[in-house]
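Contents: one structure, followed by commentary.
Chain lettering (A, B, C and D) follows the sequence in which the chains are written, and residue indices restart at 1 in each chain.
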Amino acid sequence: MSSSLGTFFRMTSFGESHGSAVGCVLENCPAGMPLTEADIQPDLDRRKPGQSKITTQRNEPDTVRILSGTYQNMTTGAPIALAVFNEDQKEKDYANLEHIFRPSHADYTYHVKYGHRAHTGGGRSSARTTIGMVAAGAIAKKLLALKTKSSIAAYVSSVYNLELSRDYKVPDARTIQKEIEKNPVRCPDQETAKKMERLILDVAKEGDSVGGVIDLVVDHPPEGLGSPVFARLDGLLASVMMCIPAVKGVEIGSGFAGSRMKGSEHNDSFYSDAGRIRTRTNFSGGIQGGISNGEPIFMRIAFKPTATIRKEQETVNDKGENVTMKASGRHDPCVLPRAVPIVEAAAALILVDQFLLNHLSKLENT
Amino acid sequence: MSSSLGTFFRMTSFGESHGSAVGCVLENCPAGMPLTEADIQPDLDRRKPGQSKITTQRNEPDTVRILSGTYQNMTTGAPIALAVFNEDQKEKDYANLEHIFRPSHADYTYHVKYGHRAHTGGGRSSARTTIGMVAAGAIAKKLLALKTKSSIAAYVSSVYNLELSRDYKVPDARTIQKEIEKNPVRCPDQETAKKMERLILDVAKEGDSVGGVIDLVVDHPPEGLGSPVFARLDGLLASVMMCIPAVKGVEIGSGFAGSRMKGSEHNDSFYSDAGRIRTRTNFSGGIQGGISNGEPIFMRIAFKPTATIRKEQETVNDKGENVTMKASGRHDPCVLPRAVPIVEAAAALILVDQFLLNHLSKLENT
Amino acid sequence: MSSSLGTFFRMTSFGESHGSAVGCVLENCPAGMPLTEADIQPDLDRRKPGQSKITTQRNEPDTVRILSGTYQNMTTGAPIALAVFNEDQKEKDYANLEHIFRPSHADYTYHVKYGHRAHTGGGRSSARTTIGMVAAGAIAKKLLALKTKSSIAAYVSSVYNLELSRDYKVPDARTIQKEIEKNPVRCPDQETAKKMERLILDVAKEGDSVGGVIDLVVDHPPEGLGSPVFARLDGLLASVMMCIPAVKGVEIGSGFAGSRMKGSEHNDSFYSDAGRIRTRTNFSGGIQGGISNGEPIFMRIAFKPTATIRKEQETVNDKGENVTMKASGRHDPCVLPRAVPIVEAAAALILVDQFLLNHLSKLENT
Amino acid sequence: MSSSLGTFFRMTSFGESHGSAVGCVLENCPAGMPLTEADIQPDLDRRKPGQSKITTQRNEPDTVRILSGTYQNMTTGAPIALAVFNEDQKEKDYANLEHIFRPSHADYTYHVKYGHRAHTGGGRSSARTTIGMVAAGAIAKKLLALKTKSSIAAYVSSVYNLELSRDYKVPDARTIQKEIEKNPVRCPDQETAKKMERLILDVAKEGDSVGGVIDLVVDHPPEGLGSPVFARLDGLLASVMMCIPAVKGVEIGSGFAGSRMKGSEHNDSFYSDAGRIRTRTNFSGGIQGGISNGEPIFMRIAFKPTATIRKEQETVNDKGENVTMKASGRHDPCVLPRAVPIVEAAAALILVDQFLLNHLSKLENT
């Protein structure tokens, strides 16, 4: 029902591929933060199509406009409306899909739920709906940078059957941020990245697509974020990641591997590191009892292969007749490179919401 | 921040292990549904401690009382308050833990966030907080049974390194419901269940604990549940599952395995089954574009091993000094058997909320 | 904190006088309703400045654009983003106000709360923020017209000391709708309207301003809207009306006069009108126990005089120094004529939200 | 739909007259506040029936229990569940009402909305539902007392045609708090109180009832509470007051009288009072642009006469037949004396919610 994310620092999303704009309204960004479009555009550029040979070749500049909420380049405390106006809407590409349910797309479920669906580009199920999240996430990242020591970095850790070697030591978040922008895949290991790039190009040539895994690291997160029971930080992060199109799985800390461990192996012993309480291992992924403990937050997010492929597929039309179809047009053979900034934005939005509310957890601070 | 689950059919949780009651308030259960405590108690009995040799031997009857929201054994539309009064609070068991942060528990994070923590039995982080969810979930299950053809079944599919054989064919939900109650592990395959039971007893003897995986199946779910972007059915389910204590990972449909597939393998072809549109495979796990497509919903939920073990562990106390500790008391060596009804309840609550709201998605139905 | 109105049919407002656009995002408008800008613009034209001699002479066309949520002129179920781009921003008019707190404006309170305020035109406190509500309200009115027999009409019943004669019989809502558009005041009695118009012109000449009262009538509302305790229909209506700038009082049914009555006078006797249950009097104003009973809903809303006047006033500046000020520029001497469509929109939004949710109140209907 | 009040410091209400308990769950009370039942019971005693000759003679001790959210008499940050178990349920009193719609009660609207209604004592429409609000409000009052200089006082300013003389100078809130407890009416002027008491007794003897007005004063409220557009402090206060049973009108500051004033009379001039910015008049009632300006908050709340009277009335039964009825039983001839603590509690809950959130309005404070 809701198109909102967050409880206080809340983002309400709007827009779809066929409409005139996509964007969001971000409520309760505190007043007094410097903000212009230049803070937001770089992340949108990392998300936009046409940025490299391995992404869709659609050409959308995705230029953001701040419609409200700032005055003289400073936030005022009022809702910040952000919009990207759609430009490259090739209706023709989609005409042949008007009456067909594309396999593993939202065509059929939207048809069942809403009756009236937009067949052009997926409508509200389009990955363009993530533009609002990336834009709002850039504001969240800026706030985190101003008020905390956190660094957020997401990166591609596997594509199809290619994954970072188990010996690969994941560097700190700031290093990851630099390394991933040196290749189009956004994998921090340049060797593996090259292999992944080649794989994606090969798959694209076949007219097929591949999935993969994105990892998320938050270094030096504030302690105390999240709360028990239903606003657990792990629950909030899992929810928002699972809402990114194509995501089918989410792990925090040890994840599924943790289910194959004993308590004596899995428990993260506390120790005192010159007065600061830390854990020797981090199977918890930085979150215990739903609340951050100050250790790095670590998540893994599984993406399925892009549903749109240029191979012939069996399906049915809206009369219920069995038909075959073959997509044409320009599609991402692998969504992961462009999904990296989406994962980062999603995390940043949750963290800021919880960071702000955490100020109210103890009476002595209020 | 929030102790609520759901948007319309909304459950607000309260209570902790050391207080006088745990329970919840369930809003917007439609009026006119027969309801007594007898509808709720059976699921609480499946969750309660002391039910078998492989669960904690604490003895809590966990008897539920309906405090409001019914009249003459019928729902009135008013909020339904449910409470289980705590009985077996052995404060002594916990006295030695007052100043110690137990590894991989919420002790440290609660201390950081709230200052004042309850050291007895985990307080608000206790698994007793799931009682409210199981109780409200029983009401949700009843509503689903009255108004839809859905069947919900969760079951233990792996414990530590023991898992259901890949050849094991998961039966339909109704069969699972029967099979899992034939053994204390709640695994539908009796052979595997026996091995799991032995493993859990062995681990308990060692003073250690193990994790595992629970699978969830919803047969014949209504089509059209969930909505795009942030109230996706997969996002809602992932969120609630990740909020169950000890959960570290969640998969829907193909999950992480899907990330190692090609689009041509992963896409679920539609076909017409005597007029009804179905898919030949179900890698989507019954959810496409965030909305149920009528195929079985399938999820996997990974649980870490219980944090409380009777082995000596290193940790720190609240003065930041390195100490060792060894838990005594009665704990579950494996939380999974008792978590099965929790997973089912969590799913039922999300499904009913979305089922009700789905009535409002098309103008013609309003 | 929240810039949202409504629980399910929810409108999130954005924009301020000095930004580039004002508008809103309307969530959960059911799919399948015909909708174009032409459904919305007429109400914005009734609200816009410069529409008559007795309103401010600023010239803003206030042209609405639908940015999302429709496809082929039909709602899709996705959020509907509506925007009016600001055009007539005369910054010069406000330069002298940069450091002054205008009496009975939001200047001081915004300064205290947010630190950074926009002195141009009131920013987020500007009446332009009601544009989003009027635009979304037009969609709500259309939905009500399609699905119910309700008619909503607001009208000016008093200006300063001029009020509709106690003998004046308020006509039905449809007649009011026609009558009020025959004069610039939006009073349904043409004689009184003329006097009010003259009064407003006289007051404007003095450089002063006046308040007044707007009445709201909803004929043939659906029964059963609202719910007990905190989502009472009267509470929701009072809240939204009190959120319209300049409102200082709200009455439902008998209002303050009801406080001077005895129960035997005030109780609305039920009787059977050819099988339909009605009340002989309507001191309840159509709402009993927080829920509509099908009788006309009747409210009165008190507006204070416009704070901006062209007379010299004492105040302080942001250094805390006592100063005098005199506003120049173009302001409404009386906000009521332009507030009539705002009151109607506010009521329509609440009614639709409750109308939709009311479908879920009984199990048998779900 | 919602049984909740507040956004962060949120109270969810449950219970009805015929159930086993009434109460609430209060979320996000900051951790570290001393709290026991003794902080709450006094306000419940001021609300309870049977406290004086002019209230209903039902005898309900209304003893509160804290079910969760505290540990060692200190709040933990977890939800605080509060319950009062119902004792004096005389079903017999209501047997004759099973099929009758009492005039100006919620019987008919509940019947229409929910089908199944509780005829005993009004069910969810009973004034007993305010117990949760009074209990949670006592916690809010304590928090305000610990963290701010605010004092909240409500008092009866008129009963039927008897009102405080216009010359009566309303004392400060702390004085009001003392004065009103010297008489059963809770009017701060002892002379007027005596007359009101006599009037109420006379009316009770007739079997009739009367309405009246309660005034609310908040001295020294924090500045900056509330926010623009839909979470205006005046809107929030109006909403919660209109949700108290029997309320038909709400005014803030000048209220309806303000609608008969000119801007030059009504504007509250600012001046510097030894560095502190204050206003010379307070027609704004302490709220400007929806945000508190530090001046006393002033509201007036109109209550209709109690619907239950011991006079014969015309009505219909649930077959739609015209019948007559005459209530027996024990009812308040005037609800105002017992409504004073309810009004105070309602205000306290809103103020604390806004007080907490206001900490997050400026970036520099976060």
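One rule holds in what follows: contacts are C-beta pairs under 8 Å (C-beta built on N, C-alpha and C of every residue); 3 or more make two chains touch, one makes a residue touch a chain.
Nothing here was measured: the structure is a model prediction, and the numbers come from that model.
Contact tally for B-C versus A-B: the pair with more C-beta pairs in contact is A-B. A centroid comparison over C-alpha atoms places D as the chain most distant from chain A. Inter-chain centre distance (chain A to chain B, centres taken as mean C-alpha positions): 26 Å.
Distance between chain A and chain C, defined via averaged C-alpha coordinates, is recorded as 39 Å.
For the pair chain B and chain C, the distance between mean C-alpha positions equals 46 Å. Multi-chain contact residues of chain D (touching two or more other chains): 1-4, 7-8, 13, 28, 31-32, 75, 77-78, 113-115, 124, 227-228, 357, 361-362, 364. Of all the residues in chain B, the ones that touch chain D in their complex are 1-4, 8, 10, 12-16, 18-23, 25, 27-28, 31-32, 65-72, 74-81, 83, 113-118, 123-124. Contacts from chain D toward chain A in the complex involve residues 7-8, 28, 30-33, 75, 77-78, 143, 146-147, 227-228, 355-357, 359-366. Contact residues on chain A toward chain B in their complex (touch as defined above): 1-5, 7-8, 13, 101, 103-106, 108-110, 112-115, 124-125, 129, 158, 160-161, 203, 208-213, 223-224, 227-232, 234-243, 245, 247-256, 258-272, 275, 277, 279-280, 283-285, 288-294, 300, 302-309, 311, 313-316, 320-322, 354, 357-358, 361-362, 364.
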